[in-house]
Every structure is written in C-alpha cells, then in structure tokens.
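We just call them A, B, C and D in the order they show up, numbering each chain from 1.
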Amino acid sequence: MNLKELYQEIILEHGKNPRNLGKTENFNKDAKGNNPLCGDNVHVYLKLNDQRKVEDISFEGSGCAISMASASIMTDLIKGKSDNEAKEIIEDFLGMIKENPELKNNILKEDDKTKLMCLSGVKQYPMRVKCATLSWHTLLSAMENDGKEITTEN
Amino acid sequence: MNINNIRKEFPIFDEKIQNNDLVYLDSANSSQKPKVVLDRINDFYSKQFSNVGRSIHYLAVAATNLYENTRTSVQKYINAKDKNEIVFTKGATEALNLVANTLGQAILEPNDEILITELEHHSNYVPWHFLRKSKNIKIKFAEINEDGDIPIENIEKEITDKTKVIAITHLSNVTGAVLPIKEITQLAHSKGIVVVVDGCQGGPHLKLDMQDLDCDFYAISCHKMYGPTGLGVLYGKKKWLEQLPPYQGGGGMINEVKKDRISYGELPNKYEAGTMATAQVIAFDQSIKFLESIGIDNIIKHEKELIEYGQEILKKNNSVKLIGNPKDRGGVLSFTVEGVHPHDIATILDETGVAIRAGHHCCQILHDKLGIPASARASLGVYNTKDDLDKLNEGINNCKKIFDL
Amino acid sequence: MNINNIRKEFPIFDEKIQNNDLVYLDSANSSQKPKVVLDRINDFYSKQFSNVGRSIHYLAVAATNLYENTRTSVQKYINAKDKNEIVFTKGATEALNLVANTLGQAILEPNDEILITELEHHSNYVPWHFLRKSKNIKIKFAEINEDGDIPIENIEKEITDKTKVIAITHLSNVTGAVLPIKEITQLAHSKGIVVVVDGCQGGPHLKLDMQDLDCDFYAISCHKMYGPTGLGVLYGKKKWLEQLPPYQGGGGMINEVKKDRISYGELPNKYEAGTMATAQVIAFDQSIKFLESIGIDNIIKHEKELIEYGQEILKKNNSVKLIGNPKDRGGVLSFTVEGVHPHDIATILDETGVAIRAGHHCCQILHDKLGIPASARASLGVYNTKDDLDKLNEGINNCKKIFDL
Amino acid sequence: MNLKELYQEIILEHGKNPRNLGKTENFNKDAKGNNPLCGDNVHVYLKLNDQRKVEDISFEGSGCAISMASASIMTDLIKGKSDNEAKEIIEDFLGMIKENPELKNNILKEDDKTKLMCLSGVKQYPMRVKCATLSWHTLLSAMENDGKEITTEN
C-alpha cells in the first residue's frame, strides 16, 4: 500500500480545485449518484447537442479528494467528445479500475490517459474504489438518461 | 466417505455425556459443529474482527470481503443465479417471517388464500396466521395421505382462483417425507402462484438447486447445516427481492435518509438492516466447505442407508410404530412405542447417552391429524452410524423393560 | 483498573495489522472481544452443544439452563425487575423494529405522533418511518442545540396531545451526548407517552438501571458490549411485553396451534420465535462477567479521562473541528479536518494502524443539520489508552502534511 | 441420576391405570393446562360443595407416565379435602418438587405423603418437573376459577 500513489499531486490539486463544478446552463441530461455508506453524492449535468456531442458537462456534489478529483478529471476529458466516444472512455476507465492494468481506448491523448491513470492508486484500496467510480457511473446514467439514481453500494 | 474420519472432525464426540458416549440423534433440531467452523469463529474474532460494510479501515475491509465471500459460497452451493438473491437472516424462522410479511404488504389482499400443508412446522404456519389476523387472508391445508406424504394431487385439489402463495416444506421434520417441490412449483407457476419453501431440513439432507427447483423463496437454517447458531439464509428470486418492500429498517439498508422521506438501498443491503451476524456468516463458509468436502451425494447415500437400516430394525421391534411411510424419506425417523409416552422414552434413552427429541416437534397440526399428542424422533446427521441406531433400539427395549411391556 | 492487563484479555491486540500495532478507535461500530467470550463460544460448541428449550435430553437441558442464566445475568446487569423483561434479538436494530412494529399494531392510530431526535441512528428512525408509510403516523424531530445536545426543553416543546411515543438515544453515536433519559421519561409518563430508548451506546459506556430510568423499552447491541455478533437485547416492561402482540411467529413462541386458531406462549418465549442465537446468548454471559469484573464505574472513569484528553489534544490541533460539545460526553469523538474529507482521513490513519470510522455513521439527519456530508469518528472501548489518542493526533497531522495544509 | 427412582412401581401403576380419569358430572369448577413444549395437556374438573369441600374431582388429558401418575395421585388425595386444605397440599407439593426435601403439611396421612414423595424423583430431571406439576397448577387455577389457561413454559 502506498499513500503517495493514492494521493498523487494531480489528485490533490483536482480535489482542491475541481474543474467544472456547478450546474451548467442549458443542460439536457442529468443524473444523481449516491454512496449510502458515506453519504457522498454527485449530480452530473451535461448538454448533448444535435450531433450527439458533449457540448458542456459539469457536476455538483461533495466527497473525498478521490471522488472530487475523479469527477473533475472526468468532466475535463469528456467535454467535446461524442456520446459514443464518451461511453468508450467510461467503460475503459471502469475496466481499468476493476482489473485492467492499462487504459485501452484510442480516443484520449497520452497525457490525458496519464491523468486518468493517476486514479489507479485506488485499486489497492478496495473501499475507495467507489469514490473513484461514482461520478463515472452517474455520467453513464445521465447519458442513457434512464433517470435511475445510481448508488455505489455493492 | 470414511465415517470415522468425519466423526473425528466433531469435537463433541470426544466428550462423555454423563459417562456415556454421545449418541446424537437430534440433528433435525440442530446439528453438531465441525472443528473447522469453530476455529474459524475463533480466528475471526481473535485476529480479524471488525464490523462489516461500514468502516473503511483495513480490518473492516477484510471482514466485509469475508462476509461477502460466504454469500458467494452459499449462492454456488444452492445454485442461485445471482449472489444478491442470498439474504442472511437470524434463522429460517425469520426468513419465513420476512417472506410472509413482505408478500403480505405487497401482493396479498383480503380473502386471498395461502396454501400450506399439514406437515408444516409452526415456523411455516404462524407467520401466515399473522396475515390471517391482520389482512383476513385464508389459510388452507393440503392433507397428508396415510403414508405421511403430500402427493401433488392433494395440493392441486386445494388450489383455487384465490390461491396466491403455496408455502411448503421440502422435507418434513416428522415423517421425513421429501416433497416434489419442482413439480409443485411448475404447477403453481402455471397458475401464477408464488412458491415459498421451508428448506430447514432440505438444507442438510438434500441437494439444493434453486434454478432447478425454480421456487420463489427458500428458507435455510444454518445451525442445522453444521453451521453456527443465530444464522439463516433466505434465498429469494431477484425479481421478488427487488419488488417487495424491506422487512426491518435501520443502518445499512438505506439509500438516502431525510426528515420527510427515506429511500432504501439495493440488494442485498435492503434486507440486511443493522449489524448482521458477522462472525457467524464468515464461519458458515466453513460449513459449506465441510459439506462440499464430503459431497452431498455421499451424504444422501450414507443417510439413506441409515434410514433404511433404522426402519428395518424398528419395524422388527414390536410395539414400535413408525410414523409415516413416505415414498422418499430423508433424515428423520419418528415413532411411538405402545404403552410408553415419548417423553418417557426420551428420558430413558438419555440415561444411556442417546439424545432424541420427544414432543410435537413444532408440528401440532400433524400430530392432531395423526391423533397423537407427541412422538419420539431420531434424526440423523452425517456423523451417525448404524451403531447409533442399534443403541436407539436397545434403549427402546430398555423402555419396554422398565414399563414391563 | 490496570489497562495493560485488560488489553491482554483481547487477543486481537497481539496481532499486527499491516505491520502496525492496532489502534482500534471504532468501538462504537463494534467492540473487540475478550478471550473469555471466545473460549465460551468454543467450549459450548465443542463440549456442550445442543439446541435449547426443545428437547429433554441431557445436553438440551444443560444448554437451556445456560441460556436462561444469561437472561438472569442481563436482568441483574441492567437492573430489570423481572427476568422475563429480557428478550434476546438478533441485534439492537431488530429490537427497535420489534417495538415499533408491535406498538404500531397495538396502540398507534393514524395521525398519532412519534417524537424522535435529530441525533437518532437510522435504526431508531427507519422502523418508525415504516409506520409513517403503513399507518400514516407522523414523525417529529426534537432539535439539537449548538452543542449537539438535546436539552429536555427541545423535547418538551415538540410534545402535543398526539404524541404517543418518544424514541430516543441514550448516548449519541456521533456527538457523544448523553441524554437525560430519566427526566425525559418522567416528563413523558406524566403525559402518558411511551418511552423507547436506543441504548446501543449506553450499553457499553453507561451504568444501566432500568428501574431507575423507568423507560418502557431499552434496546441493546451485544456486539458493542464485548459480546458476540448477531445478538441484541430488548428490555421491555412486563406490562408492555404482556400486552403487545408477538413480532415474529414460529416454533417456540406458541401455546396451542390448531388449524383455525393459534394462541401464543408466555414471556419470554412469546418474543423468541425459532431457534435463537444459542451460542451467542450463552457466551454473552461472559461479556457481562467481563464488564462486571472491571466495574462500570471504572470504565466510565477511564473513558472520561480519555475523552477529556482527546478533546484537549484535538482542540489544540488547528484545522480540527470537534463535532458537538455536549454537557456530558461519552465514548465518542467525532470531528472534521478543514480541507481533508473524512474518508481521506480514515484511509490515511489506517495506513498506520489507526482504525476510525468515516461517513455519516447512520445519522444522515444529524449530518444534514450540521451541514456536512460526513465526519470522522474515533470511538472508545475499555482497552483504549491516551497513547491511542496520540496516534490519532499524529495521524491527523500526517493528513495535513499529505494535503499540504 | 436414577431411572428407578423416577419410574417407581407406583408411578408406573398410576400412569397405566390413572384414577379419576374422565369428566366428572356436575363439576362447578374447571381449568385447562398445557405444556406447549411437548403438547401435553390436562383438563381438571372439580365439584366444590357449599361447605367448600372437594366433593368430586377428575381430569382428562394425555401425557407421559409422570404427568398421568401425578394427576392420578393428586385427584385421589385431594378428593374430600376442603379448599383450604387442598391449597395447602398443592403448595406443599410444589414446594417439595421445587426445593424442599420433605412435605410439611399436617393434612395428609403418612402413607399418602409417601405416595406423593414417589414423584420427587423428577427433581433430578429438570425437564420433567413440568410433567409432574402441570396438573397441580391447573387444579389451583380451577379452584381460583380465574379461567386463565395454565402453561408450564418458564
């Protein structure tokens, strides 16, 4: 176990100054996520335009450094992507956190992937995995707009 | 399957009970526990203890993983489709109360009928009786035949348009009858009826395959399956557990709690309110492993041999009357002795270390039907031998001597 | 009271947790277990095991006596008038569900009010919420003051003609506030209101005297009192337990069972349906003996010293904010650290073997009121030392370093 | 433990051929007793005449040798006693089964006391005490005629 790997500079920085925090104007899709164990919650808003591109994305919520950083980095990377690309990135990220050693998608640039890989430190902290993944599950739900509230229990 | 090796795994057989070797024939009541289970309890408490699911420190994470491992083991052992179909309860009785209560809340209307059988244990009758009181539900009883069996026809003929639930035992704890759950479920489902199985005796004695049985609920008593006391399992089909309301409320089963509203958590948390029987769940994994190490087919074969042997010697013993003669008998030999009350039999047998149960075994309806207030019951576990049954027979002969028969 | 000797009674402190000594500050969640309790479990299972109350053979009689001995020990420990006022449950959560459910059946009418507090654990809110849903009962919340206390005035002003039950914690598992139950009960009883006390944290930390408190119900969590998991105690005044309906139905709780009617057994059986947590009940006797051997007065004194010391060092640590400043604080120190989320604190502390809890501790209402989503909580047991609190403080400093504060 | 002490000749004999079995005619008091553990039950009938004397007494029910013998001997000994005498005997019997080494009453003759003492063997069999005492508790309840059904659980 290695706290340094978990709390890398970039995570602490995003955790402290999260990007895209707030409720974006003119969003047309949103979803709420909730971790009943700890009370962390997140609300993801996005604007998917006619070309099914993520024109804008933001989040509201409170949580630990990991969850804030994860939401912050996520929104940064997803902005401007098409919905299919976004879904691929989400899946790739969740797969990496769950089991894969690396990210596999060809959509993100290398330095963006490096940013995401900073979150891989949670793999050694099973109870913290939920912190890193909650906003991603919530984004997926917003995109599918099935209105179902996401919980990370289980 | 080497019975001597198996017996050695159970520390209690090293003890003298009032200077006698223990002849334990009360496993339908509760089974003895193998050492692996006891060691696991001890190890968990002394080296790894923490509450599960709540904290995120090392011990809590480890305990949570161990706890969830048992859920997976149980899922596999009973061949459930999904691990979230496994709910831990304090016992089979609670599991049956949970089902009756939540079905009562969600799908039952006044005058709906619940069909149970004359074989049912009070734990699979009283919870439904509560609904009779609170919701004016009707309870019907499928009758036993002269063999102490419930042929499927006896079920079929009690079914009406109003029948919403069939609640039925897998294996009678008195007559030993094994009921055709799979066929009953097929019949019930063809009429949209929910099937709730009391698997207390099925658990230790039969092969459990939920996907094959296809019943909607199945209640298990862990302490009868070589596991710790204070633990049961409710298997419930996901569609039901998702749809039904929660049973008990408290920590761990919620999603969001506000002053004016509460939303509930997802499976399996929804049905596991409050601190659960953590150590017991974790140790039950060893009970499953113990059962698997012998193999249920071997257990069934061994117990069948014993049942046949027991029937044979008891039938030869005049004045003994076996209760029931079911087509398929598992685990249990109940009987009466002409001229000696079951309580007296139990006391006299006990004097030589032979532990049986006497009474109505929580089946008053059945005993009323049989016209006897009580019976004596020898029930088997994987550790029993023909020698145990010989000692039972000797004990019965001793009763006859004392009562001058 | 020699703390080193006490620590030696707990095998877990001999273990290394990820190469660290364990600094266990999560006892409000669940306490560690002394060896006497573990040995009793093991001995019972390996030398004396039988189910209780059902069979009449030697082991069953012995087990039944042991089981009932614990009931008597608990009765004495909490100074209940009658041994039949002690009901064993699977936990405090079940105990509170039992009370809410049976009061709901017997005495509550639509629009009646239940008064709880903003300090309540979900286990003392969700069961009442069920009645809000099923019976249209209203739930009101007595407010905390700025110290995280509930002064009796805040209760008094919420009482109306419609108030039928006050359900309240004895000791908050977040602010540590000890509430004046005796005075609240006097007030409530003068208005004919039933008092239900959540004694989960009272159990391990306070002197329990039911006749002095005079409350109608008191729920205890055995696993927080150095006892086994899967066990709770409900104390209920005899007049209530006699008058209220049963909660769960099954074997052991009946008097007579017929096809058309059922009558229920007397206390304590009426509330103990099915096979109980036999081994856990029997082992809990040792937990009581352990508590008695130290003496609750000594425990209170020891924990008070620790709480004072903890408050002192945490107050000196800038960026730490203690939650609540109750007049009388027991067992618990909750706090936040400016700039570090409680989850991060817990993870960082864990790295050095310091086990605390982070989250809302099943008290979302309270956290909402405090305007924080979560807090960190160090909670004490009889085995903790000032050194443990120093390590907590070091760990917090480490957090600050990592987060560059 | 000693089975011979429990199953003395006289108990076996009364168990097999219980006296006063049946429902006496013209009874004016009765009560039912029940042992939910085993299903044993007893129904005691008695006729208390104007002089408050037990003119007749009988019982119905089924149970083990101990319980049948106990009811049989009880009805034999109580018949003809006044209600106060009967209560004293009952109390004395229950006290003896519970803790006293001997019977203390001065109402019964020595050989009747000896008969009753035959039931003292159950003292060594705690689970069987209820068998011996159920009919006595039930008789007490019938005499007090409080209509409450007696159970021996506890």
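By definition in this document, a contact is a pair of C-beta atoms (placed from the backbone, for glycine too) under 8 Å apart; a residue touches a chain by one contact, two chains touch by 3 or more.
In this text the structure is predicted, and so the values were computed from the model without any measurement.
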- Task: Determine the set of chains touching chain B that also touch chain C.
- Result: A, D
- Note on the structure: Note, CA centroid farthest from chain C's centroid sits on chain D
- chain A and chain D, separation of their C-alpha mean positions in angstrom: 78
- Query: Any idea how many Å lie between the Cα centroids of chain B and chain D?
  - Reply: 38
- Just how far, in Å, is the C-alpha centre of chain D from the one of chain C? 46
- Interface hub residues of chain B, defined as touching at least two other chains: 18, 54, 56, 60, 254, 256, 343, 347, 358-359, 364
- Query: Touching two or more other chains, which residues of chain D qualify?
  - Reply: 37, 125, 127-128
- Query: Which part of chain A faces chain C closely enough to touch in the complex?
  - Reply: 1, 3, 6-7, 12, 16, 37-41, 62-66, 68, 125, 127-128, 131
- Note on the structure: The answer for chain B against chain A in the complex is residues 53-54, 56, 60-61, 64-65, 84, 254-256, 263, 265-269
- Task: Note which residues of chain C are touching chain A in the complex, please.
- Result: 18, 339-344, 347-348, 351, 358-360, 364, 367, 373-374, 402-404
- Item | Contact set on chain D toward chain C in their complex | 34, 36-37, 125-128, 149, 151, 153-154
- Residues of chain C defined as touching chain B within the complex: 11-12, 15, 17-18, 22, 26, 29-30, 32-33, 35, 37-38, 41-42, 45-51, 54-60, 90-94, 96-97, 105, 121-123, 125-127, 129-130, 134, 139, 141, 221, 223, 228-231, 248-254, 256-259, 262, 273-280, 343, 346-347, 349-350, 353-359, 362, 364-365, 368
